[in-house]
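Once you scroll down, you'll see the structures, which are given as structure tokens.
Next, two complexes with chain A in common: one pairs it with chain B, the other with chain C.
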Partner chain A sequence: MLPNRSRLSVLVFLLPPLLLYGVAVLFPILQSLFLSFFSWNGISDMEFVGFANYVRMLTGDSVFWHSFINALGYLAICLVLQLGGALFVASLLTSLRRGAGIIKTLYLLPAVISTVAIAFLFVRIYSIDPVGLLNQVLSWIGLGGLERPWLSDVNTVLAAVSGPEGWRFTGLYMLIIYAALLAVPQELEEAARLDGANQWQMFTKIRFPYIRPVWITTTIMATTYGLRGFDIPYLMTNGGPGQSSELLTTYMYKTAFTSTDFGYASTISVFIVIECLVAVGLILLMLKRKADA
Partner chain B sequence: MTAQTAPVTRPIPAPPSSPAPRRRRRKPNVFRSLSRTLIVLIVVVQVYPLAWLFLTSLRNEHDFATGDPFALPSSISFDNYVRAFQTGNLGQNILNSFIVTMGANLLIVLLGMMAAYALQVLGFRFSKFVRGLFLIGIIVPVQIALVPLFIDYSSVNLLDTYQSMIIPLAGFALPMSIYLFSSFFEYIPRETYEAASLDGAGPYRIFGLITLPLSTNTVVTVVLVNSIFIWNDFIFANTFVLSEGLKTIPLGLQNYIGAMGKVDWTATFAAVCITITPLLLVFLVLNKAMIQGLESGATKG
Partner chain C sequence: MKKLLRTAAVAAAVTLALAACGSGGGNPAANVSPTGEIKPRQISWLLSRPADGAVINIMKKIADEYARTHPGFSLNLITTPDRPSYIQKYETLAAANKLPELFDTDATPFAQQLAKKGTMVDGEKLLKDLGVYDSYRTNALNYQRFDDGSLYMIPFQFELEYFWYNKALFQQAGISVPKSLDDIPAMCTALRKAGITPLALDGQDQWPLERYVSYQPFRDAGPDYVQKLKKGDAKFSDATGQKTVNWISQLGGAGCFQDGFSSQGYSDAQNLFTSGKAAMYNIGTWELPSLATDKLNPAVRNDVDYFTLPATPSSATATNEYVATSGIGMAVNSKTFDPLVSDFLKFALAKYPSEYAATGALSPTTNVQTTIPANATPLYKKAIDQAKDLGSKLAMPWDTQLDPTTNSRLQQELVLLAQGNIKPAEFTSTMDSTIAQNAPKFFK
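Take a look at the complex of A and B:
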């Protein structure tokens, strides 16, 4: 603590940031909570309905549950692509002597591109008429039977909209994990090698335990980002065909701004917040436990 | 990051079929050459869609509609770029994105630095509680703010303004900025402050004369990392902005989808290429600083 600070100076420095943060983040959270107990279309008078929105959401809304399951599937695909892919590539990169810099740059490239551009790009990649990249590759490697319009097939559309999101950020997580892997002390690895550890043991016994704190952070980042995923499904399919690629976020958005049901939309967004908090709690519980054991 | 010193002009790794043999007397290491091949393959998969995007923007429409998507363009045409500028409002979109990015970054840097200064350097009784409050903003998804802000904006006539985008973008980015500045301020030795205090400098002068000038590197990091996300923001712009003149790049690109979903794809891809160029250039020039920033964001925790 600074010796001659005054209470006033603390306030001078703290109040402006708190004000912005309060207006943009804290107050809207409380407001959503408040609105979730009302029925309101933005024009007529607000009507207090108690827990009716919550009851409707949890018991009477099949679209909601469908979106919830979809969101979990979306999250799972994103996590596998982002964290699995990132860990894999980062491990491979550590065996490289030169050129890691340029590979990191190239790998991160998609993260710089806007989701609208990515959505356009992948609509073309998945397309069948004219034949897009994916279907072309499938027919070349002899899997022509799998060719299909990926975005209008209800069985593939969820995976098809999750893929680009995973693709986009895997470079970001790779960077973070790679930096952590580089920080593993050489002596530890040398010692393990002298004891005859193979590559796999080296990874599971030495490297991974060492980067566990970073792994927890990246898992939390990827999970919260996955749960708030919105742009790409919204732009590519708008939740369709039917509800087969609807996520909670896109459903909430449509409820709010297409059906102008602000009360019910707030109920869904409260659910999304709770879902994120629960997810972060679970990750901490699971990964921290293992570290202590 | 010594690898970064490798000359940038080095050709991008050769196609996967020929993992360049090294002319060094070393035992062939299966694991190493296998992993090198894999890396090249993965990078190709990762980067090819972008190369394809660029190539397509140079194709003529007939070529695009009928040709093999992997083939090189039969002829290079810049017509698409001309049409891209005619169809949309690209100049205005880029300007708007620039204004929003600048405005949000200014708030993020200034307010983030102030909060971190209060929390880390000045210190006060409830600082733990305030840190906890800011942590919420990292976990909570941005969508929670859409409905409340939409209602609040319409009651104070802020809908359809630059501020309507800047406020939430800055607000949700603030926690990470505070966190980065805090962890930097930890490294400034206590004695520096104590010496300045003994010389009679108050908290404002110390902020202006010591903390601020020392933080340049962290400012660069914070600005670069946030710019990626702000420049590309879709959800706030899409919710709060309606008029053509305020549309940022992501919204502007949507204009290329014509009525009945008919899309002039080659012109659209040309427009995409134009709009990603500014950020891409910044990224390629400053990628070392940006990569360090992204890494430090997570690893310092």
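Take a look at the complex of A and C:
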């Protein structure tokens, strides 16, 4: 129990950020929820439509569902690249005696490059005419048959726009996981080694359980970033060709600022909020069950 | 949890922009000659034109000249050359009732709603009041008009769109200039056989491909077709609609556009043509400095020529009628229209045409002669003189005509159709249902 003076100090320090948080975060969410029950193009009178926008979104909008499926695909690719890649590289780094610093810096570099630069860089890498790096490499290694305009092919474009996003943040998550791996007590590892554990067992029975709290945090971070991915797909393909790389976020943005259908765009944004909450809830549940097992 | 809610806030960012939005309207647009004292101040023009282009440079010069006699006056030019970004900015400001004194817009359904709310000054009355209305080309003004014939935007340019082609590549493939639009798919097949890319296309910006879908209806049914289509009174499933849908599909099937065109941009397409790799390039006279001067690659300079949109004797429109635009227009905000804005516009619009024509461009007015640059090839003058023989029917770009949702969907579906990812029947049913769903909101 804090003395009265201390309680007041806590309130004085907590209130301003809480107020700021309420104005900058909670208010827009509530405003979105409010707008989602209206039809409004920005200059017309707002017309109350009840749940019509939700009915349209869930039952009558094929682009919405296409974007939702794409968003899940985009998320899956980003997670594999970011978390899988980060864990793999961090594990390798722990066994390196020299050069770890340089490798860390190189992997972290994409995280500090501007998004626009990354998008343009990859548009060139995927290009077929003039031939880009990827197609050139495929040709050099005798896989010329795989050459294609990666961003124009409806079968490859989603993976092609997910790649740069995954690549960009692998270094950041690698650093976090690497720091966690370094914190694993040497005595535990030595004891396991004396008990005859091999490298795989060391990883699955000692290291990974030890870094589980960090893993949960990074998974939540990567998932929420992935679900709200916007800039790279928007800059590289604008959701195209057709709706092949349209994500819920790009679709919401276009609905608001191109179609000027602010009511319906708010409905999509409410869905994104719920989707993020559900995703994080599922992650926590799954990892908690695993930890309890 | 905080992080999670922060994520949610990003998802709800759309409302941040809207939080400050009001739904107020402007003043009635009737009074085009405000009376009272001219009080110099800064006025702003929100525009979508190249930052170092002729329009901005000339208007800066004119504003400086005006400021000399009106101390305290300045013109703040806020440009966003990328058109989709500009439209988003302008529509958000319109929703927030925060548009500046002058702003650019095409004659879109959204702009028409703004005009109906009284946000813009009546352009026709204003130009007449300023005494310059009669000097404008009829086609330049018509391009800026809404469906009901009303005029709210002032043009600052006049451009004709041609099919530029490489004579040497045509000869190599054994083809000649098409007599009708239907000849183009076969030409593409011949060019592909000769290892030449038939048409250079900027697929990234979407409007260049959308031009193609407008050509067959313009020749088959005239300029009224798109007026009916956008309201749902005509359909892609009718005879004219099917003609254009099948033609786009044929163009794609014949490999008319470069591989991977949908992710290639404006300069990619231009480089493809100017480097001699592509045989044809559909673009307007704003590219004359790149296509008809000594800046053009010497290897192709003497081989470049152009033809206008092909037409047959049975076409609803004549050979001298094709895409002629006066570009994005400038609207005057009625809420901030006062003696200063009126006086500056009078000063600027009187001086602008001669300055603009001196840069080698076509003025939207007929009272000045375009200066042909010293480094121009003979093609430059030929392309400019073509404006004298222009017919009265214009092929309107569809992106300025359709409601924004239908327009976005059309641009997306066209890419799929041209790439062969969807069949004409699927395209037809998607687009007709999109128009039926969205048109009533804009064209009640």
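Descriptive notes on the structure:
The rule we apply is simple: the second predicted complex is superposed on the first by the 276 of 293 C-alpha atoms of A that agree within 3 Å, B and C clash if a C-alpha of one lies under 4 Å from a C-alpha of the other, contacts with A are read in each partner's own complex, and residues count from 1 in each chain.
Here, contacts are C-beta pairs under 8 Å (C-beta built on N, C-alpha and C of every residue); 3 or more make two chains touch, one makes a residue touch a chain.
Keep in mind the model is a prediction, meaning the values are calculated, not measured.
Contacts of A:Ser44 after superposition: chain C is touched, whereas chain B is not reached. Once the two complexes are overlaid on the shared chain, A:Pro16 sits against chain B while remaining clear of chain C. In the superposed model, A:Met202 makes contact with neither chain B nor chain C.
In the superposition on chain A, A:Asp231 contacts chain B only, with no contact to chain C. When the two complexes are overlaid on their common chain A, residue A:Gln243 makes contact with chain C while staying clear of chain B. In the superposed model, A:Leu133 makes contact with chain B only, not with chain C. Once the two complexes are laid over each other on the shared chain, residue contacts for A:Ile69 go to neither chain B nor chain C. More residues of chain A are touched by B (comparison of chain B with chain C).
By the touch criterion stated above, A:Ser114 is placed in contact with chain B alone, chain C being left untouched. Of the two partner chains placed by superposition, only chain C is touched by A:Pro149; chain B is not. Chain A residues in contact with chain B (one complex) as well as with chain C (other complex) are 21, 24-29, 31-32, 35, 42, 220-221, 224, 227-228, 249, 252-253, 256-257, 262, 265-266, 269-270, 272-273, 276-277, 280.
Residues of chain A touching chain C in their complex: 21, 24-29, 31-32, 35, 41-46, 63, 123, 126-129, 148-149, 151-152, 154, 220-221, 224, 227-228, 236-243, 249, 252-262, 265-266, 269-270, 272-273, 276-277, 280.
Residue ranges of chain A in contact with chain B, taken from their complex: 1-7, 9-10, 12-14, 16-18, 20-21, 23-29, 31-32, 35, 42, 85, 89, 92-93, 95-117, 120-122, 124-125, 130-133, 136, 167, 170-172, 175-176, 179-180, 183, 199, 213-214, 217-218, 220-221, 224, 227-228, 230-231, 235, 249, 252-253, 256-257, 262, 265-266, 269-270, 272-273, 276-277, 280. Looking at the complex, you find that chain C touches chain A at residues 2-19, 21, 23, 84, 87-88, 91-92, 94-95, 110, 113-114, 117, 119, 197, 203-204, 206, 258-264, 272, 404-405, 408-409, 412-413, 415-416, 419, 421-422, 438, 441. Residues 1, 3-6, 8, 10, 12-13, 31-32, 35-36, 38-39, 42-43, 46-50, 52-53, 56, 64-66, 68-70, 107, 111-112, 114-115, 117-119, 121-124, 130, 133-134, 136-152, 167-168, 170-172, 174-175, 178, 193-194, 197, 202-204, 206-207, 228, 231-232, 234-235, 239, 249-251, 253-254, 256, 265, 268-269, 272, 275-276, 279-280, 283-284, 287-288, 291, 294-295, 297-299, 301 of chain B touch chain A in their complex.
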